[in-house]
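The block underneath contains the structure these notes are about, expressed in structure tokens.
Chain naming follows the written order as A, B, C and D, and within any one chain the residues start at number 1.
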């Protein structure tokens, strides 16, 4: 099969780029991961799964979880959600707090930390046990009942998460956090600690390439229109401050995490995941960006 | 033909939205335009042209010209151009000058004023007669030798363009403008004054939907890869600070101008142009956004 | 005595200005204070005390307490303190958090909230019981053993203090808060809740007019040079974002609080306190500013 | 006389600090000045003049001229001037243009470039020949008819003054510059090129120490109240972004220039000028700050 050959070729060509990045070190549990881990998984709409390398080792998906929590909240609130979160790119890192100050506590989009903390607050208001809800949601999408939070990582995040506390308290001062900050961040730190392997992650994002429908059970997770919109947000805001550059070079809606994962989709075609822990200065996987750029170059397939 | 019926339907449905906007009034020549002008043109890769309303009246394309000048510069310099201009969304209006200050005179992308002024500076360095070069370039793409600058508008822009002077001098203080400011802005104000009708504009953007090739003469304007990248930039930065929202609601790479025009493309499919002068608070055509949103909704076609 | 006549005249002339302001309402305990309370106390180096109006009613001194805590920290650390706090005016309100972000968690001066929270952190590191230390310090200066924290106000501050939590966590993310945020803010909210009457407050600032020496017991609180420097800081930063304007109109080193108090000194001459709760949009007492401006105008005495 | 001995002692002690700074190099005419030039002049209210070193060599006073032009404008417009310029410290360098953007073209105070450009605009509107008016004003204050602009320096400033052009155009876009930018900047660059020796400069600032009255001819230049206010502005904003620090360490209202001059006054006592070209990173004379700090330390005289 050509996808298998293609990702194997890309795997070999890009592996050595790992040396150019640095594994996230702000918490010990992430720092311990070997920089040499590398996996690519790809799944098409027919649910043919292709993989190369470390595709069955669960890793910390970190910010990729923001797509899961936002999907749940969006499916529940619909357009109401835009009263509390924007949908514009966030500009640069330098104005993370600046922007919140000027825009009165409304985060720019759901994929920056501030935005995802508001989403966490929404889920806490909506569900009696939001952690359980999230686990079930992700397990169903991934077709894998063995997905868990990593409590060590959640705890480490909490202990070093002063900036997230600052964001949450700051938004609370504007009235945009409704639940107690401790509770909101407890959930937020847990969502970030979710662990999935690249195979499971590829499966769990396939609904986005499939007009919002989980192809395993034909369940409509979000409407086709919502799925398009969510992909537009991923394109403009999914890779932190490198989003514009990634759209430019790769041209796929995607979301990255500091655990080294990147998940991307091509509408009506496929979902692809890379995992390689070393990060560039923007917090994105060096190898992952290199691999995905080659993927769209070699296939000639991107959204543009 | 279905495209014809579709745009006629959209035309009728959206026409009345003009009342919600305001025609640009910072220069008299723009202010005089009737708010009731409205045209839609669509052209597919087979060069079938569809139109409804005021499709043959040349109007001031303003910022849409930024795509033309950037295309010329990009075709000449290739990736070298990124030494002088970024390719990230610009964040909000509030930091137009702020951003330049923090980023030492490198504008965030080629579609904000500062970025396009740098492009103008590049063209002046590259061509002995950059105005003539631009006219020829646009005339060939549009297949129309009767495209001109509007000298009245160019002059008015100059007289009221204090903020553009500020931007140009500021970038010059960082060494990112190489030619005299007067000369650079004279070219810049002229490019903004270009007048095309929606038919001509739709034709002139078709190369972007066609992998960089002008379908009229098979000339490769920019490489396929460059065309993809340019469309990515249009998606993240083409509608001023409403770009993220437009990507979200409409899902097409596009560029707008304060003359009331919006041009959008669907890769490998078509180019579509709307013109209706009344603008929303972001400086984009109210009717145009409404029409294009319906277009992607009714056809189910967008890049996502 | 002429000071007595003078402050009585000013009292009568300025009383009615109270109608132009609004009592602080972010916590109930402050909102309950009658807007008609008004007192002026003045004490000279010879310790002659003059007063008019409500001079014996303890009120919430709020930010005025920042001078007390800073004085203690400065007397202990000397110039070392400038490693953790700046001594430049803070610019405008708009960049409270912005500024911290650009300057990596170092607050601009000890009289903005962020700066005083760092001072609180310092006192917690220095003293086993910093609250007791502060009470004793203020009681000795004021010559009044009946000075207390208002626990109701401290609690209210805590419950509504999300922005201060944001500041503290944000600085902690830069390593500029050494103790647990809860502990630091507990102290900070208590210091703000200190209650003194205008008479006691006037006495307690006399050391600043007296080269750092408490005239009651000849104790050198801080060196003469430190006292000069502290007054310079009060002049450039003592009235929030109205500091420049106050220096301009009044010309005395001063510190205000949202409880409606303002304390000002003229070096080698006197200390003067006004208390009137209604605040202007900058958070300073309307009547107080009016009264102090008249004081320097009528006496011709200011530092300029 | 003790002042003579004192400044001689300070001269000897501080001379070697010149090695720690760098002469301004953005224009050739300034760069050519020997870093070893050093003069101190002091004049008291009785007009006894004391001096040491290079006190009779005219040097480029640069931003010190902002006090002269503001004094003229203030004497003409009175409080009306505050409609177009603020009187708060400007915060940090980083927000020079930022601040103008947020505050809609109103510069923060008359001693930052933007503020002084507005003052230049005011003088152009008020006087048929503002350059001549300025020369006469300074000549009378200094008691020296041989004070001129340095046309070479004015021309160099113009050629490299892109940032000032940016400021002027930007303010014009907000309507806060009434005359043509070229004309305003021509005057502004000339005022900066004024050359005075330290003796002349000391004399010319004596009116500020003397309640607004020129002691040579008893002319009231500005009212006593205006003189106090102007000194307050100098204290909070006279040394660029080092103003707070200078107030803190030295405690005198002062104004510096990138030519290496600093002039300071003690109300009702004296005016003192230092000139030593090497600058610190803030653009202020290294030796001058050192000398003035010693002056207030040794005499125990400051405004605090």
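Quick note on the criterion: a residue touches a chain if its C-beta (ideal position, glycine included) is under 8 Å from a C-beta of that chain, and two chains touch if they have at least 3 such contacts.
Because the structure is predicted, anything quoted here is derived from the model rather than measured.
Enquirer: Any idea whether A-C or A-B has more C-beta pairs in contact?
Expert: Counting C-beta pairs in contact, A-B comes out ahead.
Enquirer: Measuring centre to centre with CA averages, how many angstrom lie between subunit B and subunit C?
Expert: About 55 Å separates the centre of subunit B from that of subunit C.
Enquirer: With centres defined as the mean C-alpha position, give me the subunit A-subunit C separation in Å.
Expert: Each chain reduced to its C-alpha mean, subunit A and subunit C end up 47 Å apart.
Enquirer: Can you compute the centre-to-centre distance for subunit A and subunit B, using the mean CA position of each chain? Integer Å is fine.
Expert: Each chain's C-alpha centroid was found; their separation is 32 Å.
Enquirer: Find every residue in subunit A that makes contact with two or more other chains and list them.
Expert: Within subunit A, residues 94-95, 102 contact more than one other chain.
Enquirer: Is the chain-to-chain touch network here best called a line, a ring, a star, complete, or other?
Expert: Topology of touching chains reads as a ring, each chain with two neighbours.
Enquirer: Write out the stretch or stretches of subunit C touching subunit D in their complex.
Expert: 86-92, 94-95, 99, 102-103, 109, 224-225, 227-229, 231-233, 235-237, 241-245, 247-249, 251, 253, 267, 297, 300, 302-304
Enquirer: If we count contacts the way the header does, which residues on subunit A are in touch with subunit C in the complex?
Expert: 94-98, 100-102, 162-163, 165-167, 169-170, 172-173, 181
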